[in-house]
Amino acid sequence: MHAVFNFVRGPMAGIAFAVFIIGCLYQMASMWRLARKKDAVVFHYFSLFYALRSIIHWMVPFAALNMRRHPVMTGVTFVFHLCLFAVPFFLSSHAILFKESWDVSWAWLPDGIADIMTLAVMGACLFFLGRRIFLREVRYLTTVSDVLILFCVALPFFSGFWAGQQWPGFPVMTLVHMISGEILLMLIPFTRLRHMLFFPVIRGYMGSEFGAVRRARDW
Amino acid sequence: MATSGDMSHWDWNIGKKVIADLHQWRKSFEWLEEPYVSPDGETIAAVVRTKDGMFSVCVNGDLWETRSDKIWSLRFSPDNRPAAFVSNQGLWTIAVGGRPWLNTYEFVWDLHFGEGGGPVIVAAVNKGRYVAVSDGVPWSQGYSFMTGLVVSDDGGHSAAVVQSAAFNPGDIFAFQKGCYTVAVDGRPWDRSFVNVWEMSFNPDGTRLAAEVRTTLYDYTIAVDGRPWDRSFSSVWQPKFNPADGSVTAPVKVKGGWTLARDGEVFWDQRFCQLLHHYHSPDGSAVAAIVAPEFARWSVAVNGLLWPKTFNHLITDLTFSPDGKHVACAARKDGRWTIAVDGLCWDLAFDMAWTPVFSPDSCHVAAKVEKAGRFFILVDGRPLKLEFAGAWNPVFSPDGCKLMIRGIGGSEKELSYCRYVFDMSGLPV
Amino acid sequence: MTHRPEQPYEIISDIGVEKGAEKLTPERIREVIRRYLEEEGGARLRVYADTCVHCGLCSDACHFFLSNDREPRFSPAGKVKQALLPILRKKGDVSADFIKRATEIAFTECNLCRRCVMYCPFGIDVAYLMLFVRRLSHKLGVVPQYIQDTAHSHAATMNQMWVREDEWIDTLHWQEEEAREEIPNLRIPLEKEGAEIFYSVIGPEPKFRAQLIYQAAVIMNVAGQDWTMPATPGWDNSDMCMYTGDEEMVARLKKKHFETAMRLKTKRIVMGECGHAFRSVHDVGNRFLGWKMAPVPVTHAIEFYSELFQSRKLRVKRKYDIPVTLHDPCNVVRGGGLHELARYVIHETCSRFVEMHPNREHNYCCGAGGGVINCGPPYTHKRVVGSRVKAEQLAEAAAKGARVVIAPCHNCHGGLEDIIKHYGLDLEVKFLGDIVYASIDKEG
């Protein structure tokens, strides 16, 4: 058990980060190469100003019309993505790990708040699952992998919360937490979760086309 | 481009001739269309409406005797005869030098001239049959559809895309079997194609090459009715090499556009685009308007690129008579200029016309326009003349003199003048 | 999680699709699709298809979805799921029946209006994906008959309506003659080299709506413009090949059009009130040819009218006083940002204006665009049913008093007229040029 624990904490964490970083770089590079080869025109229409104009409109909650039309979804997804990033980086127990591993440190979140944010992520995943079950147009689009991804996103938060509360079996849960977190990290470049990488790319390109060529808004 | 036969007989005496007082024309006619000028510069003509409400052509101040309900497409032949389409009581014909042809048509259009004193060729239709008519003589066979009339340099031959098989409206499958061909001097090729587009005659008019599509997807070049063995994903206008008679055309292959000759890829280079190509008069060189990459335009001579590129466009490419130089009009950042052998003239205009080489290939002249005023440039320098309207400058056959045709000029407004300058005495 | 449509769909019979598909074999389908995926399936295709998180947020953008009681298979991502994803997943191993169905979806259930780009949080361009499917359909020879016939017309005559060379010139003469009854010295200058403006129109104008040429000539003459029209093919700015996926023909058509403007040494092209033609010259055809923007600048009629009013070259004599509303055409608004200029022209020429909602970039498509109306009668019913929200939007404007819908686009005219008829609305469709013509001082 201890050996497994050490492996998961040490080499596997390293591998996960490496896979994540190299995977992301690979995805971006191969997209770039493909674009250079077959879609070279897109580079000619890129405009930093209009790219940012679009990206910002879609990063600010309720700035786009469709966000206002779906206020609950918008609220949930913003809270979800915010917590998704904030919790792993600003959790006190993670901070200790960062400090121990790489000797870097920054401000932490009070544990109570981190707990609430963790619950928010899980709640959001349930909400997304609910949409996939109850909204016809979302159900129609949903594939098995969409549900699995939701599960993979929720699991590290669920197990982390469990472990944090020191509920029965928490050592195993700690392990589950670490493994699932690492798997999630590795999944990002190779599943739909790579939308994280391509969001600024597509939005920036579309924003450029809409702003510079078509002289119109895209939000 | 048709050239005039005996330019040496033109008046090449140095000096200025005032040919017509257009101010006076304006006063005499309530309706005066834009004027046209003969190649030798001695004649200016315009469509006018006379007091009786009929139309005529005013040539150097004198009216054509014929009066018409309508007149359009006034142009000068290379041997300085004004010609235009004229109609009376709904019937059309063409009047050359003021004399209408005897036979009339339901409609005539698309005016062509042979070089020198060659024939005048037009497209015409009567009772749903389309023909080309050369100096009043129609093709022996008419067609239910005709488009894209072309004529050989001397005007001795004419060809057009015609419909070879009928198909019902909306019958897309019949169309795709191939219902179009080319009629040369009225006789159709024995093979039909899905489409036929731009065509070129060889210099003596005995052969014809055309862009064709044999299916919706296979583009190639057909020469005298026979398509090349190989097809491409697209092609542009073919040309004959004047020296060896080979046929060249821009073709799109995997990796981009390039030049093909007689069905085989001929240039190693691949371009983002290759719009037009031209053979030098002696057939030793080929120049093409190309985009080496998206949104960059340049000229490739024998496949070698000019180092200079333009971000907007290049048009009006011409070879010098000796085939050693190439000039074009180019637009960069919204402004036009002239480029010769890859070097840009350091002046910018609102519009530029086809540059003209001197017969000895040593000089280049061009007409340009800026804010509604026209100028003539010679070897990159503007002449000290300014016009309200102008025509392309013309070099004398010995290359020592330059004729300039313009309206207005520096002195009296609105007179059309013809100037001849010695190349050593240009007003620069 | 269901992979089958929730409601069965009715298969529409179209000889272009049926007979085209009969010639297909699985091998040919695979071969053609693989070739074009390899040659043309670039980063945009991959990134759009891979990034979509299946959130369904684009659904509310699409009038087909909204009008068909939120039927999921009409949602933008739903169409991608049906028509494109299996092709990508199976690398072309799809059946002829699949191609038929994908063709019908891509050609007749999407107007390529790009409204969904503004609703998808990533900005995924479903229109681009549907066009990719159309490109494959074209290469497989499975295209609805009517629009394919139009593409053939383009190829044979360089215009959309089989207009012959002489018919074109004759129509201009005829319109010039008619207009001279009103303005005695009016001229439609043909082939005037060096004119400032090349005025270009779409094929249906000489064929069915010649009075638009008349009106344009009046406006040009009253405003004292230096303009011309060519007497050769190349006069037509329209482009149905853009919608059948025949990109080689798009390049050919646009080359002819732009080179006609260059041959005439005109400084710019002013085009009549057409949306798809604007798209074709503004950001499609020029790109296929290697030009970043139109090589000869193009001004859409809306912009041109507003220029003439701003510079006082046109003056209003009597404002149009029937209450009007404005339909913002996708291709000139989402595709060209001309919405405020259109309102400026209306403000100058009309006394009563009612906004419809949504408007500007968020306006609903007329249902006709993207070549859908050009797919012809077999699909008319589906099209008007798919435009129910448009009808509701129009009815709301009518309830607020509007009697005339101004639609500065030919396709929108066709689409709106069908909707008005089907839903029994009390509205008349007009071009902006109709209003400008009616209201200006022609003694100028």
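Each chain carries a letter (A, B and C) given by its place in the written order, and its residues are counted from 1.
Here, a residue touches a chain if its C-beta (ideal position, glycine included) is under 8 Å from a C-beta of that chain, and two chains touch if they have at least 3 such contacts.
Quantities reported herein were computed from a predicted structural model and do not represent experimental measurements.
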Which two chains share the largest set of C-beta contact pairs: A-C
Chain centroid nearest the full-protein CA centroid: C
Separation of chain A from chain B, taking each centre as the mean of its C-alpha atoms, in whole Å: 62
Centre distance in Å when chain B and chain C are each reduced to the mean of their C-alpha atoms: 33
Between chain A and chain C, centroid-to-centroid distance (C-alpha), Å: 39
Contacts with two or more other chains, residues of chain A listed in rising order: 41, 44
Junction residues of chain B - those touching two or more other chains: 294-295
Sites on chain C at which at least two other chains make contact: 39, 292
Interface residues, chain B side, partner chain A - complex: 293-295
Residues of chain A that touch chain C when the two form their complex: 31-32, 34-35, 37-39, 41-42, 44-45, 54, 58, 64-67, 69-70, 73, 131-132, 135-144, 146-147, 192, 194-195, 198-199, 201-203, 205-207, 209-210, 213-219
Of chain C, residues touching chain B in the complex: 16, 19, 39, 138-139, 141, 145-146, 148-149, 152, 155-158, 162, 164-166, 169-170, 173, 185, 187, 189-192, 194, 231-233, 246, 248, 251-252, 255, 262, 265, 267, 289-292, 295
Complex contacts: residues of chain A adjacent to chain B: 40-41, 44
Interface residues, chain C side, partner chain A - complex: 1-2, 6, 39-44, 46-48, 50-57, 59-61, 65, 70, 72-73, 75, 77-78, 81, 117-119, 121-125, 282-283, 287, 292-293, 333-339, 361-362
